[in-house]
Each structure stands twice: as C-alpha cells, then as structure tokens.
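Chain nomenclature is as follows: A, B and C, assigned in order of appearance, with residue numbering initiated at 1 for each chain independently.
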Amino acid sequence: MIDETSIQVGQEMHRFIADLFPICRSITGDGVRDTLCLIGKHIPVEIHEIPSGTKVFDWIVPKEWNIRDAYIKNTKGERIVDFKKSNLHVVSYSQPIQRKMAFGELQSHLYTFPDRPDWIPYRTSYYKESWGFCLSHQQFKEFMDEEYEVCIDSTFEEGHLTYGECYLRGETTQEILISCHICHPSLCNDNLSGIALSTFLAKALSLESLRYSYRFLFIPGTIGSIAWLALHEGQVSNIKSGMVVTGVGDPGAMTYKKSRQGNAEIDRAFSHILKASGKKHSIIDFFPYGYDERQYCSPGFNLPVGCFMRTPHGEYIEYHTSGDNLTFVRPEYLEESFICCLEVLTLLERNKTFLSQNPKCEPQLGKRGLYRAIGGESEGAKREMAMLWVLNLSDGNHSLLEIAERSTISFDVVYKAADVLSEHGLLKEVTC
Amino acid sequence: MIDETSIQVGQEMHRFIADLFPICRSITGDGVRDTLCLIGKHIPVEIHEIPSGTKVFDWIVPKEWNIRDAYIKNTKGERIVDFKKSNLHVVSYSQPIQRKMAFGELQSHLYTFPDRPDWIPYRTSYYKESWGFCLSHQQFKEFMDEEYEVCIDSTFEEGHLTYGECYLRGETTQEILISCHICHPSLCNDNLSGIALSTFLAKALSLESLRYSYRFLFIPGTIGSIAWLALHEGQVSNIKSGMVVTGVGDPGAMTYKKSRQGNAEIDRAFSHILKASGKKHSIIDFFPYGYDERQYCSPGFNLPVGCFMRTPHGEYIEYHTSGDNLTFVRPEYLEESFICCLEVLTLLERNKTFLSQNPKCEPQLGKRGLYRAIGGESEGAKREMAMLWVLNLSDGNHSLLEIAERSTISFDVVYKAADVLSEHGLLKEVTC
Amino acid sequence: MIDETSIQVGQEMHRFIADLFPICRSITGDGVRDTLCLIGKHIPVEIHEIPSGTKVFDWIVPKEWNIRDAYIKNTKGERIVDFKKSNLHVVSYSQPIQRKMAFGELQSHLYTFPDRPDWIPYRTSYYKESWGFCLSHQQFKEFMDEEYEVCIDSTFEEGHLTYGECYLRGETTQEILISCHICHPSLCNDNLSGIALSTFLAKALSLESLRYSYRFLFIPGTIGSIAWLALHEGQVSNIKSGMVVTGVGDPGAMTYKKSRQGNAEIDRAFSHILKASGKKHSIIDFFPYGYDERQYCSPGFNLPVGCFMRTPHGEYIEYHTSGDNLTFVRPEYLEESFICCLEVLTLLERNKTFLSQNPKCEPQLGKRGLYRAIGGESEGAKREMAMLWVLNLSDGNHSLLEIAERSTISFDVVYKAADVLSEHGLLKEVTC
C-alpha cells in the first residue's frame, strides 16, 4: 500500500491544512459543516446531525453556537480586537453581547499570556455561560482606563451537533476506527494535522482492496465521541483496532499512547513499527486524560484504541495558542506521521495467523528452491531465517506480528517469508 | 486515623519500653505474666495459659521456668556475676545449680564476646538441659584459677505457657493479625520495641470505628505462634492480612519482609506506603527464617503475614547483647515505625473496590462541580487526574490500591478522589 | 555420579577424537559405519540402517555415498590435491568424475578461503548433483592455465542411512535424549567433540542405577533426526528432557541454547548449573537454526530439547575448515563440558518434588538432631537454611530445582537437605 503513495503527501496535507485554517470551528455550528465540506472534496464523507438536547450517556448535546462577528472598539471607533483578524480572539461558545463598558469591567473578560506577549491564547467555555476575548499581551498593554465598545455577534440555538464519517468497506465487517477532533478554530497541530492525516489515510486506503473495514470519524472532541458511542453502542464490538490521531505535524518525536488494554494488536503494531523505524519515538502507557481515547477506553467500552501523536498536548509551548499555526506544522513531519500510520495499518491488514502444513520437522526448503544454492549472501540468510521462524512458530497460536516480535525480524520480512511459504503450500491461514 | 494520634507517641513508647526493661522474660514463666500485666494498663489484654506438655503440632509446650536469683561468688564471697544486676547473665532456661567448683569446670559454662568486651551476650537453651552464665569479657578476664560458688535458683515445673491477646471487633469478622514476641529478657529493640508498637497501635485503633477486626498477639517466639496456630486452626481463615512486628526502634532503615505469598494485599500496602514515604527503606522477599512469620507462612497455613522491622535481626552488632538497650532504641524511630504501620492499616481499612456507575464514557464532572472552573492550579489537576483514574479503573477488578499502583498517584489522593465520587453517586462499592 | 568419574576424562575424550579423526564421514556411507564401530568399543551401540528412498515426513532418505579416492593431477602426473591427505578436499556427496579438463573449466569447482590461505574449507552438496574440490588458497595459487586430470572415485547407490543408538534403561520409561551428529569428515569441534561427549556420558551413566532411561542418538545431521522422529513418532512422548551436544571442545565459554518451550526442566537445569559453576557462560533463547534441535523443536513435536555447546557454530573462524582440528579442541574444555552435562543429568535424576509431612508450622528440627547445638559454624547455617527452604516450599508444587532457584541456594545443598529430611520422615516424594 505504501509504495503507491505519492511522496508529495506531506505537501498536500499541509496545503489542505492551509485551506481549513481560516474556518472558525467549535464543537457545533457552521464551522464544523464548512470543514466537513472541504474534507468531502478528498474523500466521501457522510454528514450526521444530532439535535441539541439529545441525551448521550451522562451528557446532553449542547445548543448550537454560531458567530458572525466580534470586536472591541476604542473611543475612536477603531477595532482594536477584531474577530475577523483571528478567530482565536473570541472565547469559544461566548454569549452574545453588544454594549459599552469601562475598562474595569471589561478587563476580567480578557485573556492573555504575559510570558508569551505576541501570542493569542485559545479558550473555551462550552458548559458555563460566559463570554470573553483572547488577545496578545502586546495588544492588552495598549488598553487604557477608558470606555470600550464590546460586541460578540453570536447565537445559541436549538440546532445540531454535526460530525462526519467515512466508511470504507473491506472483506469483513470487523473494523478499524480512526478518530480525530474537528472542534478547534485556527489551530494547526491540535486538530488540523489530525484531520489532514485522517483524510489522506482514507484517500490512500480507498484505492486498495481491504481486509478490514475502516471507519474514519471527524467529530468534536469529547461530546462527539460520547455521542457517537451512545448512538452506536450495538456496533462497537466490530472495532478490532483503533487510533485517535492528533498533533501529528510538529517537530517532536512520534509518540504512541497505548490503549487501556495495553497489549492490544494496535498497541503491539505501533510499538513494532516505531521501533523498526529506527527513529526517535516514545511509547507511553494509557492514562485517562488526553483526547477521545478517554471515551473509547472508558471501562464500559474498553476498546483497543490508542492515540498517535508527536509531542503530547501541553508539552509544547505553542499548544492552544496562535503559535500553533501554519509555520509550526511542517510537511516533512506530517509525511513521517502519515507513513507511520499507513505502515501500522498495512501491518494490521497483513497480520494473519498460519498453520504450518509440515509441523513435524522442517519441510525441505531446498527441493522447492527456497534455499540459497551456495550460502553467503546476507539478504538470503535473513530471508531463510524468517522462513524458518515462520515455519517454527506457525502452530496456530502466533500471528505474524508475534513471530516478528519473538524473532526480532521486521514484520515486513516476516510477512514476505510467510507469503512465499504460502505460495508453496507450506502454510495455511487460520481463520477463527 | 493518623491525625488523631499524639505526636508524642515515640516518647510514650520509649517510656513503656523502660517500664518493661527490668523484667526477666523467657518463653514461659512469671516474667511473661508481669509483662502482660503492664501491657494491660494500656489496652484490654486477655491472658491465656496453655499447660506444659500440651502437644502442639510437632512440638510440646515445655515446662514452666522461673528464676529468683543467680550469681557466681569468688572465694571472698563477693558476687562477681550477679543476676540482680542484669538478667542477661543467666542462660535462659538454665537448670538450677548450687555448688562450688573449680574455674576449670566453670569455664565451659561461661559465654562472652571477646571482640565486644563490654557487652553481655544473650543465650538460651530451651530444649536442651544445660546451665550457663553470660558475662562481659572484661568480667571474664578477672576470673582466676580458683574455686567459685555457683548458684542458679531456678525451677522447672509443670506449669503453663502464657500469652496475651487483644481483639478489637470491627464491622466484619475478617481480621488483621499483629503478632509480636515477648520472650526476651532485658532487650529493647529485639522484643520490647515490637511489644510497644503493637500496644500503641491497639490503643490508637481502639478509638476508631473499624472495618476489619484486629487481633494482637503477645506471644513467646516460635512455640507461642505454633501453640496459637494449633489451638485456633479453625479460625485462621479469617485472617485477611497480618504482620509480625519486631526490631522497630533502631536507627536503621525501615524494612518490610514480604509474606510467602509475595503479592498479598499487605505486601502491596507496605510497598506502597514505604515508597510513598520518600524515606530510605527496604522491601525484601520472604525467606523461611527470622521471626514468627516462619510459622504463619508455613506451607500448611501460607497466611498473608509479612514482617515489619527496621534493621533485620543479626545485621546490627547490638543484636542479642546487652548493647540492645534503652539507648539503642530511640523515640523518633519508634514513632516513624508506628506511623508507617498505622498508615498501612489505614490503607487496608480504606482499600475498597468500586464500580463506576457511568462505565460508558466519562461522567460529566463539570456539571457536578468536580472540575476546576478555569484550569491552572496544580493541586486541582492532581485531584482531577485521580478522579479520572478511579473512574477509568473502577470496573470491579481494581481496588483503590491497585489504582494507586497503576496511576502512581499516592493512595491517599486516590482514596479522597473515590470518596468525592462516591458522594456524588458516581461510584458504588463492590461487596464480594 | 560425578565423583566416580575419572578426572582423566578430558584426555580420554581427546584420544577418542584422534581415533575418529581420519575417517571420512558424510550423511551416509561406510564412514558412518566405521565411526559407530569405534563408539561401540566404549558403549553398547545398536546400529540401524534405513533404506535409501524411505520417505520421512517431507524428506527422502538419499542414496548412499561412498568414496575411495580423489585427486587432481597436473601435467607431470603429480597429485597436487589429494583426498588421501585430507578428506576435506572433496565436496561431500560429489558425483564421480574421471577426466582431463582445462583449468578454465576446473576453476568453478574449486573452493578456497582467500583470507585464510592455509586452511581447507569444508563443503557439501547433499541434495544437488555436483562435484568439487576444497583446497587451501596457497595450493590454489599454484594452479596454472594448463590441463589437469580430475578424479573422484565415488559411488551413489541405493543403500542405507546408518545411525547408532545407545539406550540405558532406568526405573521409568520416561527418557532423556542426548543427540549428536556424526556426518562431518575430519572436523573435531563440529561433530567429533559431541560424539566423544555423548559416548563418555553414556559410559559414565551405564555404571549407575538410573531413575530415567537415557537414549543416545548418533545420527547424521538434519536427515538423521528427521528420520528418527518419523520412525519413532509414537514414542517421543516419553522424552522428558533432551539435549543436542555439539562444539564442546573449543576454548570459548559454555553456551546453552534453550528449547523452544523456553522454560522446560532441562532449560532451568542448565541455567542453574551454569550459574552455579561461577564460570563465564551464556544462556541464549531458542531460534530455529543451528543443529538438530531445529527438528526436535519443530512445532509438531515441540520437545523439551535444548542445545549445549561452547562457541556457537559460525562464531569461530575455524568453523567448517581444516582449522577445526586436533589442536583446536583441548582436553580441559572437553572435560569442563563433560562435567557440566553430567551435573545437569545428575540434577535431573535428583530433581524430585516432595510434600512436607509437617506442613503446619515448622517441625522441631532440634529434637531430631538436625539443628546446630550451639550456632556459629557457617556451613551448618547454610544447611539449616536449605532445610527450612525445603520444608517451606515442599507443598507439592515446587520441585527441588524450583526451591534452589527461589532460595538461590545451589541445587546440591538443597538436594542434600531434602535427603536428610526424607531420612527423618519429614518429607515424602510426590509421585505424579
């Protein structure tokens, strides 16, 4: 699968991120719809709308929030904070407001980073009625003790929570879930990089004939995964593996956070691929914080869903600031992340379990032309060792990944060995 | 429970040790009765007497030994070795004797430490008929080749083995066993420190309403625990956890020796508390030597009983000598040991298993006021993480201690999180 | 068993290797028969002949190969390569040939080591019709561009595969398999050292009364073990432990390669003995390459058979060259290897599981005279600790080896302790 992928994918992902960047997304509203519409230009996305007020487990789908404009004007009538310049300026889910007020009153609604004076913070207030502006500390320092005109032209209405779904049907109904959040405004690594990676993975896979079915979810964080799980409780048992993708474009090392199960196939697949990559990486244990893996791995579901990222959230200073922009995420890192995920999915597709058809003693490889004529070439020796390992461990209890783990041969070489042995009738797939 | 304990407990324990110090204890006899009588001034102790000759498994309760006086007089009639000055001078369970003898004969009955010339050794001869004196090497060097008058005014009679028991009834009949030996004469760390710790633990617990029942045994070493087990075989299945306490007043690091089971709740509780204490400590595997854990952990019982101490027996030079005195054990170490044990017992009392009432996805903590309004305070963050861990792992298979272990959050914080969640109806205890 | 072994065994093994050295062995033929005949002078060997063409699993027993003479003559009629000088000169299983040819044609049938110019390589071509000569690179450089007379006086005939078997009957039919290969010509470490070790082990064991039965196989590599397994499939379930012995005379550290099971009794026995030896050694995991353990550990058999050697094959430069000669293997290393194997077999013979007859509390060792009267002697302390460990873990679930492992006391001391306790009626063997 990997070979057919254009090596230009990093550039294309970055361009797609640039297209999505200006849209003001939140957990509901037209920003999400516009985002899904752009995704739909690359892959087939089915759009779902869940009405406000729908009870989903312990939560209720909130009212839909939309915003048209927002600003703070000084006495000269100048927009000194302007939503049109950056949609981070408004605290997400801010109540509408339109009136003049003294700086003293306004001040408690302003958020800045005094220690990173050029950057605008990103803040939300989904479940508490409130309003506010985020601005750079430079801007803040120009405020004076005078009256300001404050306007947030937002609406809260009974509407919908919107999410998108791309389902690729494979040979079996067993499925692999790939989930990303689409609820952040102009933030690149946290949110857009995951959207881009999911989109381009779906694009790449849609060209292949697949063993598993694949479900890509483009959902608002937390409430989105909770809503999806609540409305599809009956079908989660189809999920064989899954991953949340987020923060995959920054320069940090690739990081895989294991599922709550800790030793699921997806956990072992990421561990194997990252180790085999020879690149600096990090494999961390599950903890009940972070992204939507919190919901997928809640005890009542306990799904084999991990989280793939680069630098974990909160561990880079650009996190949840205007510093998380188009300069921060780079095509080369997006591409590296993309290739890692595609290799993991390729591994899952290929990770079958076989039964040696000659379990008693080794079969005679030489008479089948599977042995080097005269020894010496080291590539051939590796291939032979892989064949011997596959034959030795194909007792129905070891998948190819487990054989790769035990032999410390890369999955790819093990897979090719199994393929050759199958062609010669020496292995038969175990179906269970 | 801990907060209500006087911080003066180390001083009080040391004073109690001083009261007990002069008594000449052995595995039977009035010294044991006098000791139990003093313990009884602090806590309710039931005194049990087992007749000599009683068969207890492979052993027989020995005759009762009592001693009134003993000395060696020189030709001038001076008591050059005098039991009244130190009860260590007589080998415990010495046969009575009263006669004159040449130094040549006497010499083989004298025990000293040539390399620690100021200290008197401690020796016993419970199961072999014999007599002897222990003395400092300084004293020994003053002996001359002349005749000495030797007197040991001891008696061996059909009597009893005496032990004490303090039982605190809790909500359940499942009990926690705390066992210490009371058979050594004027030795402080080896014997009196354990007695004091047990006594003050019982005192502290008797003020509390308890989940478990507690059984404190004050028994002679080896034969005492064997006798107790033989006579209470039918009820040992009530013992959920237990600890032998000994040598808890010396300056060495706290040491916990695991039960034979190796991964019992008591083993994990001590490991957790000692690690969380940040103090230098040592956790060692079970071995079939040491104190009464040898009997509790014999294969036919295999009880979850560990051993709490500071420096293990035989690893400090004062061990079984007159150097193990009131100066060697210090209030601050007694207190530290006391607090560690009380923390462990508190953990056991609180170590319940819960079932999340919202196992599918996270419950919405915010609407219950359980989420920081605006993030930032790190104490709040820790509390939230603890709540998320408790919710995530409360699937009925993880006790709070196991949650603390996996999350590496201290038990205390995990317990408080569970408490708050229970109050809000988010958890329900699993009773099994 | 070990004590009765002559300490001259290393010298004797080396002499035996010298006797076997000149014979031209291959996987079939009279060289094998001659070899078995010499083994038969030391131990009773039953000789088996399997007809060419016999199907054994995926393989077919090949034609029998015999060779009488071979040479390359120059134009002067001088034998410049002469089989009579070294039987390594002919590629094993070479087709017969007798004709003159130009150097150009001959060259592709000559094998040398340019980087080890004094040594003759060892090459085989069992399953591909071919012929060739191996020679030192020094010899090769003297060839000129002229005509040579080439002669290989070999025969391929419907004959037999020959192997030898020495079976020592013990108390039970459960057996211990010791397997070595006998198919290499004048190579000492790879092949003759294993034959010598097996022979002298059989000799030593034949003098003992044995718990297990022992089966020594002297077989050609690969095809021999495959043939034996194919013809004795029904009885392999008797094999309780086994080892392939090979390469046991070189100066490298002793190496044990575990069976595929990885934690079989034989694996643990070798680990224990090698650790206890205090000598530099190496314990490595199973991999499906090497010697006949590949067949014994194929998934359809998965027998508890490891491989004992010194430097693993291919990791010493003398491997498969004329450098693997009588100087390379030394009596002292042969002897060390012999002693290690004998200690392992002694351990297996003695590794029983007992049930303490006093499981509840310790039995009173003192009244049985099993306790030091007055403590102090450290040998006695070790013996007592061993007795206490044996009593504590003899619950029917721990073999003596497991007790040795857990207590970190050497097996020998544990065994003696169990022996003394059994004599006193404190232990009873568990038979299962």
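Here are some notes:
Here is the rule we go by: a residue touches a chain if its C-beta (ideal position, glycine included) is under 8 Å from a C-beta of that chain, and two chains touch if they have at least 3 such contacts.
Because the structure is a prediction, the values reported are computed rather than measured.
Its C-alpha atoms fitted onto subunit C, subunit A is found rotated by 120°, rounded in steps of 5. The pairing of subunit B with subunit C is characterised as different-residue: of all residue numbers used at this interface, under half are used by both copies. Each chain gets one centre point, the mean of its Cα atoms, and the points for subunit B and subunit C are 55 Å apart.
In subunit A, no residue touches two or more other chains. Remark: subunit A residues 356, 358-364, 366-367, 373, 385, 388-389, 391-395, 407 touch subunit C in the complex. Only residues 56-59, 127-128, 222, 225-226, 229-230, 233, 260, 287-289, 294-295, 297-302 of subunit B touch subunit C when the two sit together in their complex.
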